[in-house]
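What follows is chain A paired twice: with chain B in the first complex and chain C in the second.
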Partner chain A sequence: MNELLVRSGGLYTTVQDTGRFGYYHMGMPPSGAMDVYSAVVANMLVGNPDDAGVLEGTYVGPRLEFTDDRMVAVTGADVPVTVNGESVEPWTAMRVGAGDVLEFAMIRSGCRVYVAVSGGIDVPVYLGSRSTYTLTGIGGHQGRKLVDDETLPLGAAGGRARGGAAVPEALRPALDVPAELRTVVGLCSYRLTEGALASFLGTDWKVTKDADRVGYRLRGGSLDFTEREQPFGAGSDPANVVDLGYPVGSIQVPGGDEPIVLLNDAVTGGGYATIGTVISVDRDRIAQTKTGDAVRFTSVDLDTALAARRDRRERIERVRREIAR
Partner chain B sequence: MATIKAQMPGVFYRRPAPEKPVYVDDGEEISAGQTIALIEVMKTFNELKADAAGTVAEFLVADGDEVDVGQDIVRLGEA
Partner chain C sequence: MTEKIQLPPARYEYGGDEFVFVELDQAMSLEANFAGMAVTNALREEAIDGVVDICPSNASYMVQVDPDRLDPRELVEELRRLESTVGTLPEDYVLKTRVVDVPVLFNDPWTHETLMRFRDRHQDPEATDLEYAARINGFDSVQGVVDAMTSAPWIVTMLGFVPGLPFCYQLVPRERQIQVPKYVRPRTDTPERTFGFGGAFAVVYPVRGAGGYQMFGMAPAPVFDLSQSLPDFADDISFPNANDVLRYRAIDMAEFEATRSRVEDGTFRYRIREAEFEPAALLADPDAVNRELLEVLYR
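Coming up: the complex of A and B.
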């Protein structure tokens, strides 16, 4: 039937893949799975290409009913998962059939769950991606989060997935807090006083309620900017600079009090000083922190960021080998 | 002790709007599925619903407090 029934949409569940690239210069953020590793591994478990459409649930996961024989896998946050009320293992490929219902209980740690179904969530490809960008209502399933009692299209199930294949514990991401976020300091860190930069790196910041796919607003300290003459074209807030492009993962501090880490659905440029950028690999980490959790920033150089990216790629290939065994 | 727990983290509110009365008072009887409070997170206000019927013995968090997933919000007495 190639359909998946959404019995309950959960709190904020969207269709995502590995992202929509090539339009950032036009103001289009990449969207895509916030925790890329978990999304890619979920796809691997069910025999999908790495960039197939998956479901990303937030805090309260969806309730899903299958209409035909599929492989399904759940990754990401630590949350009890059931099929027809029976407890099942996450990070494991499972066979399900028509009428089977997958459901989540309350999360224990982490924030986002990923559900991959063999064949993939086959929503239309928009600008090269199935990812949902809800702020403008494009991509994914009708450009929005899932609601109760609707139907999602699935691709034809096929593939060579093996039921029971599981990701070893050592290759599942850490969800402990405070989450350490490796950060390349810049582009506008020159706007901070020396003391403020040290304080930024030395503070355990708390994730506020304003933390979603657009960005994470943090609280816990106050940062001072150096005195300066307001440049032409810059706003009057000490945190303002002349407009620049914002890297995904960049950190701005409007008013000096509440740093915001810009994430997958964020604005692509503007006039706030970006004092650092969380390295791409550790965006997976912040994606699994929830309101109330603590994060801290550690300064790393670009070589470290690139090495971390290579390491993640190698981890993904190790998972692929483990699953294929 | 039977309780109603927060399903998500966020900021807890007992009333639908600042000028409105609280959803339920201490000592009031509630039915399963009834909205008893709001939790604000990710720029949305989400209804917290009773998962079982009973009497509200006590609210364990104050209006405007931050709550975590799984935190006890209401202690229930006998229905």
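Coming up: the complex of A and C.
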């Protein structure tokens, strides 16, 4: 049938893949799975290509009914998962058939769950990606989050996956808090006083209610900007700079007391001073924090950022070998 | 221009492992934008493997990199090399671009309705955004500031914030630039196609949404078209490109409505002319170059 029935859309579930690239210069962010590691590993477990379409659920996952024989795997946040009411293992490839219903209970820790189904969520590719970007309503399933009682297209299921294949505990991500976010300090960090920069790095910040795919607003301290005569074209607020590009993962502090980490669906540029960038690997980490969780920023250099990226690549390859055994 | 602006040395910064950010100046100037244009155009031509995207900005630029294919440090080395070879445009550099007529209905009823709802977030709740801009920029009337914005063309110095939003900087000396602050607190609503103004930049909002720029008017034609139904959007969902020269032209309600119906029946096309100019000549005598650009556009 190549269809998946969405019985309940959950709180905020979207179709994502590894992202849409090459449109940043015109103002379109990459979108894509917020926790890349969990999304890629879910695909591996069911025998999909790493960049196949998956479902990303937030806080409250979806309820899904299968219409044919599939492999399915759930990764990401720590949450009880059931099939037809029976408890099943996350991070494990499972066989399901027509009429089977996959469901989530309340999240214990973490924030986002990923569901991969063999054949992949086969929504149309838009500008090179199946990822949903809700701001302009493009990509994914009709450019929006899933709603109750609708149908998603699936690709033809391949036969490569092995039921019961599981990711060893050691290769599942840590979800403990405070989450440590390694950060390359810089960009316009000269706008902060020395004391403010130290305080930024020394503070345990709390994730506020404004935390979604666009960005995470944090609270817990107050940061001072150095006094200056504002440069031409920058605007009058001390946090203002001449509008510039924002890297994905960059941090800005508009009012001095509410740092914002920009994430996969963020604006691509604007007029606020950026003070550093969370390294790409640790975007997986912040994606698994939720309102009320604590995060802290650790200053690292580019070498550390690149090493962390190589390390994640190696972990992914180790998972691939474990699953193939 | 009246006073030649010397740029400080460029500042190279790593935006994590996936971005390189290069600040050409903290202040906005045509010189800074042209310098960024020179380097980003040269980099684009090199088509280096691992360069994912090249994003020119107003007085800076950003390059997105795939660190698995290209070490960001190698990219910075190459950018420094480009800065030293092409980083200041040679005197005889000719910029090939297009000049576009962009009609705007100033003081339109839709942005007026919206701005009245957000007076509590504005510097001057008693005036409209245009009246406020006229006053703080030393004009006797709203017509004066509209004339200033429509008499000389603008260059697209950056795209971004949201898809297809063009930041435009007017091709006039700094002392003739109009400047306004952003709203004291951002609005939660801005109509689609609002002609907005913040700092020294004019924009057209591609989609309805939050915004902090002053609202002066409304464009009848879109800058962003997801359905790609208009001919100007056949290749791309957004219309403006960096380095495009836009002439904002004041229109009346009759022309606004006529243009809207052509947009709606799918026959609207922007008036576009291929053009070229020397940035050095523009900096030396902006009025003469602007006259030529407008002559090409309306010939």
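Here is the rule we use: the second predicted complex is superposed on the first by the 324 of 325 C-alpha atoms of A that agree within 3 Å, B and C clash if a C-alpha of one lies under 4 Å from a C-alpha of the other, contacts with A are read in each partner's own complex, and residues count from 1 in each chain.
Basically, a contact is a pair of C-beta atoms (placed from the backbone, for glycine too) under 8 Å apart; a residue touches a chain by one contact, two chains touch by 3 or more.
Note that the structure is predicted; figures quoted are calculated from it, not measured.
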Clash or fit: what happens to chain B and chain C when chain A is overlaid?
-> fit
Is chain A touched at more residues by chain B or by chain C?
-> C
For A:V147, is the partner it touches chain B (first), chain C (second), both, or none of the two (neither)?
-> neither
Kindly classify A:A198 by the partners it touches after superposition: chain B alone (first), chain C alone (second), both, or neither?
-> neither
Looking at the overlay, what does A:K209 touch: chain B (first), chain C (second), both, or neither?
-> first
Taking the superposition as given, does A:G186 touch the first partner, chain B, the second, chain C, both, or neither?
-> second
Is A:A98 in contact with chain B, with chain C, with both, or with neither (first, second, both, neither)?
-> neither
Which partner does A:M1 contact after superposing on A: first (chain B), second (chain C), both, neither?
-> neither
When the two complexes are superposed, chain B comes to within a least CA distance of chain C, in Å, of 12
Find the residues of chain A that appear in the contact set with chain B and again in the contact set with chain C.
-> none
Per the touch rule above, chain B residues touching chain A in the complex are 5, 7-11, 40-44, 46, 66, 68-70
Please give the residue numbers of chain A that touch chain C in the complex, ascending.
-> 21-28, 135-138, 183-184, 186-188, 231-237, 240-245, 247-250, 267-271, 274, 277-280, 302, 305-306, 309, 313
What does chain C use to touch chain A in their complex?
-> 13-19, 21, 23, 25-29, 52-62, 64, 67-68, 71-73, 158-165, 167, 169, 174, 177, 179, 181-182, 198-201, 206-207, 209, 224, 226, 236, 238, 242
Would you tell me which residues of chain A are touching chain B in their complex?
-> 11-12, 58-60, 106-108, 209-212, 290-292
